[in-house]
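Same chain, two partners: subunit A is paired with subunit B first, then with subunit C.
Showing the complex of A and B:
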């Protein structure tokens, strides 16, 4: 008669042991997230690798075609432009966000009236939904009636004629880079500021006593200390910028003449526009070596930062 | 030469404040311009004579047009529910995973942390092609439920990353004391540690909500049909006529659609700032 209840007790004890021991509770708590990411990220990744070696088209079967997609891509004009565009977009945006971010951080590092509110306001480009702020930028740079041209040409007379912000190949790329900087600058500024404010005052005092100018003190003392954080921010932002979809999709659809096409957009257009799923997957796969290099670099940086803490 | 030290000090600080003003102008002008445009009538939107930076005859006609537009409230409700559901799912899963990685000693904890960070860095544009096929195979491609499944793919990695960092800094002693007093481990975690980690959990939650609200690629790639649209894709389609964009109502729609995030930001400014410095990012 006592057996069912004693069995309950032992199963109960077994379960409570599972939830008590760290060696079992850890995997239990981790498993929902882990299973989810296996199903929704690891599996799709393997699937994408497979698709990139097939001629899969929308509605059709997937036949293994080896490296044919990649050969096709390398002789496909828009793909070549996409690679170059991605390099230009990422290098310029990152270099300027990095320098601008340091500048912004040093401005904010100085005490002034209303600093709290200024900081909160400055973050808005990064906080506000990109899709909607990009719509505003489109209106600012619109051909014909753009407020940017009215101000630059008619009010300030800086230029003699309207600038083709989104219509000319070079201007379009420059506009995209500018908007990317506008959105990312607050993020760089605020993270750099936090890093700078974490540098101990004693070290900076010592540098000052040794006769270092603020400029020298920054590059010789402050920057080496904040470098690990700076690197993590730069790497994370690099990955985000290479993979950017929103800006070219919303502003130019990759045009004019594929001048602003980036990897994600080209892949999207091939997959959903022309239904060439295999080729679209191949485009994203060509990002993989670069992404791996960047991710490994980030991992090393994060490790180093954690060891320093 | 002025001899008054206060004046001299102010003059010395002038270039600094000018620079600060210029930076603020660059960062904030778009929001101002979008809002001002949303208050102009159809004729005034394209009228750049006189002082176009201030609406001469402010009108709410654009807002009227947006709010009476069929579908706007549906898109709003869709965006709200998708963001809320994916936030709750992702934050819940991430609290468990983040706690395990940060606080429990078990085999593979460090590896799990590294793998989560790797998935956190994968750009969204990287996996949407196979995801679309998988969603089609499950039979939910085109429906809103496809977003409940796909949004957590970018929310869970960063929320787990954020939370494991947060849990590392929550002291262990209170939890251990509660266990000495007879609480189970789970009981001690839920009643002692989770409340202490609440600021971090809120931070993860608002970032997840904001990221979902802002999502574009998945919402245009995985969802079909007017009634299933999110605000992002809905507004985009509604005020675009071929190459021509209807800017007045579009600015009103963008303002309205950004409002919930603005509200969240006003309520939780400090949480946003701490979340950003903890490494939550979109570039």
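Showing the complex of A and C:
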């Protein structure tokens, strides 16, 4: 019979072996994160998928109804508007953040006095809590007493009458896109700057010697090199932008006339405003194929790029 | 000689029996006794140890009200041995309530102003409480019964009603030649045209951003022209020449007298615009006047309140009714405690303090309060007493508030219709848009 001390030695040796072998160490180190993801991400996701196929209402049971929720959604007027709004919002915000980010990174890549302070200041919109920054924007654009209109109309006399920032459907969407860009541009700019600064100076000098203009050198040399990082940034931002909730929720509540209703807001309103939990879950599920397609396409592009290299 | 008194077995059993009966009777008496509020007798044993979790919004427009609730809860909780926890949530209340409904945790009593019909399945029967309070106060006004009784039972108890008064700049109206507030909508339009020309437009909250004002101001106009959302049988009555007349009027009103931004106001926008001197009229409770007394004395001095003007169908006030309900997953002693707590806090002697603190912000729904000393002493708020029997909640033409009607309020369908009319200049198109919205909402009702 083994003594307790020899048993301890055996257990100790077993644990040591687990940590020593690469084949077991990896899974051990990954397991806390994996368990966290299962509990906090996979379970709610799977449960949301399940709910989207049920008639679950607040306080009631969840009965399986197949595709009925999706059928209802496609005949529900605000859903159609939400799809169009979400696409418009995501495409415009992303395109402008992308172009603005590249421009910003190019400017910041050149040395100038106070560059460090500019970089730090530039990050402010990104690090500021969204609730706080949106409240400031609400104050700037609020109908009835808009600080922006007071400056533009009463102080500077640039316009003769107030601009309908949150009153007019197109202005409201443009305001939302503008604030999203203001908030997201620093992330694009700083990430692109880091990528640009990682490009070898020798390669750029070689391009210059070969007669490439700065414009051509950027698009033919720098951009292809930073493309994988650009793809990742665009991908992350696409997911964040298409699922944006706090900005429309706090600024416009989806109005006027559902003109700024986005996927997450509609899902929230159906779930918490109307108690239709199954239908609300179905809205988020309709985002899923679109996002999956985007992610797969981006990954394929990055992989092809790596293979070509 | 020591004599030991012998106790026979029969005597012992008799004595034990009497003690048991006495103890049982005491317990029964305690259980049967009503829970006592502050100043009453001590609370029954049955409530001791119960916990009430209260969930609702903070009274952000009039913070003086929360301490009244807290003070009563503290005294009542101590006297009855009940723990009362308050969670006040502003932006995310709906989500917290749904979570409480689904999990059965986090809330027993909820306070909301949205129609309780929307939560009907999840609310406990509080008929005994509501009927007792109704008997005490002379019977609920129709608005209270309409909002909180689903036709078969009371699903909530009305806390009171917010009434929308005409808040107007009396000084500017006088400058324009009006010693009295216009009595009807036609005269109001004439006055508004003059005042807008003088740089003082009206700000009538329409649109789909203001959950409070936006569920009152549009109805004052709609009903005055004879428009209604429902027929008593539940069918939609909005598609009428009266609704079109109201929309037609608002198109003129907006163009000739209104602030262009009035169709995008949120609940705070008209307050700010009024206090900043941007508008000369708006429909609001007293939350423009009270802060103005402290922060904008010139505005407070120059303003006054009036009843809404008459239209072809008469004079209508609009109200929303905050209520307290008990989630039906509350059971046992906690349910008894929640009912007893509402019963005691809503008793006239206690709720009067709440109404008094509001100075007309929240008005009663029981007629007996008419003679109670709850009414504001400030003559500029005397309107409150005139309004409290006049106002009706959205959907009032129905027998009881329905889920469809409450969803129409959540989505601000009527306000949105008025805003669409003002934007397009086409009443028919705006009405068709509202009918389409209602048809969409039927999917959810």
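What we mean here is this: the second predicted complex is superposed on the first by the 294 of 309 C-alpha atoms of A that agree within 3 Å, B and C clash if a C-alpha of one lies under 4 Å from a C-alpha of the other, contacts with A are read in each partner's own complex, and residues count from 1 in each chain.
What we mean here is this: a contact is a pair of C-beta atoms (placed from the backbone, for glycine too) under 8 Å apart; a residue touches a chain by one contact, two chains touch by 3 or more.
Quick caveat: nothing in here was measured; it's all calculated off a predicted structure.
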item: First (subunit B), second (subunit C), both or neither touched by A:272; value: both
item: Subunit B versus subunit C as contact partner of A:159, first or second or both or neither; value: neither
item: Subunit B versus subunit C as contact partner of A:78, first or second or both or neither; value: second
item: First (subunit B), second (subunit C), both or neither touched by A:142; value: both
item: Touching partner for A:245 - first (subunit B), second (subunit C), both, neither; value: first
item: Which superposed partner A:298 touches (first subunit B, second subunit C, both, neither); value: first
item: Touching partner for A:64 - first (subunit B), second (subunit C), both, neither; value: neither
item: Partner contacting more residues of subunit A (subunit B vs subunit C); value: B
item: Partner chain in contact with A:26 - subunit B first, subunit C second, else both or neither; value: first
item: On subunit A, positions contacted by subunit B and by subunit C; value: 142, 145, 250, 268, 271-272, 277
item: Residues on subunit A engaged by subunit B in the complex (per definition of touch); value: 16, 19-20, 22-30, 32-34, 36-37, 40-41, 43-45, 47-48, 51, 104, 107, 110, 112, 118-133, 135-140, 142, 145, 147, 150, 154, 180, 182-187, 190-191, 194, 232-233, 236-237, 239-246, 249-250, 263-265, 267-268, 271-272, 277, 280-281, 284, 287, 291, 294-295, 298-299, 302
item: Partner subunit C, residues of subunit A touching it in the complex; value: 57-60, 72, 75-78, 142-146, 161-162, 164, 166-168, 250, 252-257, 268-277, 279
item: Subunit C to subunit A touching residues, read off their complex; value: 91, 94-95, 97-98, 101-102, 118-119, 121-122, 203, 207-209, 259-266, 269-270, 272-273, 276, 278-279, 328, 407, 410-411, 416, 419-420, 423, 433, 436-437, 439-440, 443-444
item: Contacting residues of subunit B [partner subunit A, same complex]; value: 16-17, 19-20, 23-24, 26-28, 30-31, 33-34, 37, 46, 48, 52, 93-94, 96-97, 99-101, 104-109, 112, 114-119, 121-134, 149-150, 152-153, 156-157, 160, 184-186, 210, 213-214, 216-217, 221, 232, 235-236, 245, 247, 250-251, 254-255, 257-258, 261-262, 265, 269, 272-273, 276-277, 279, 281-283
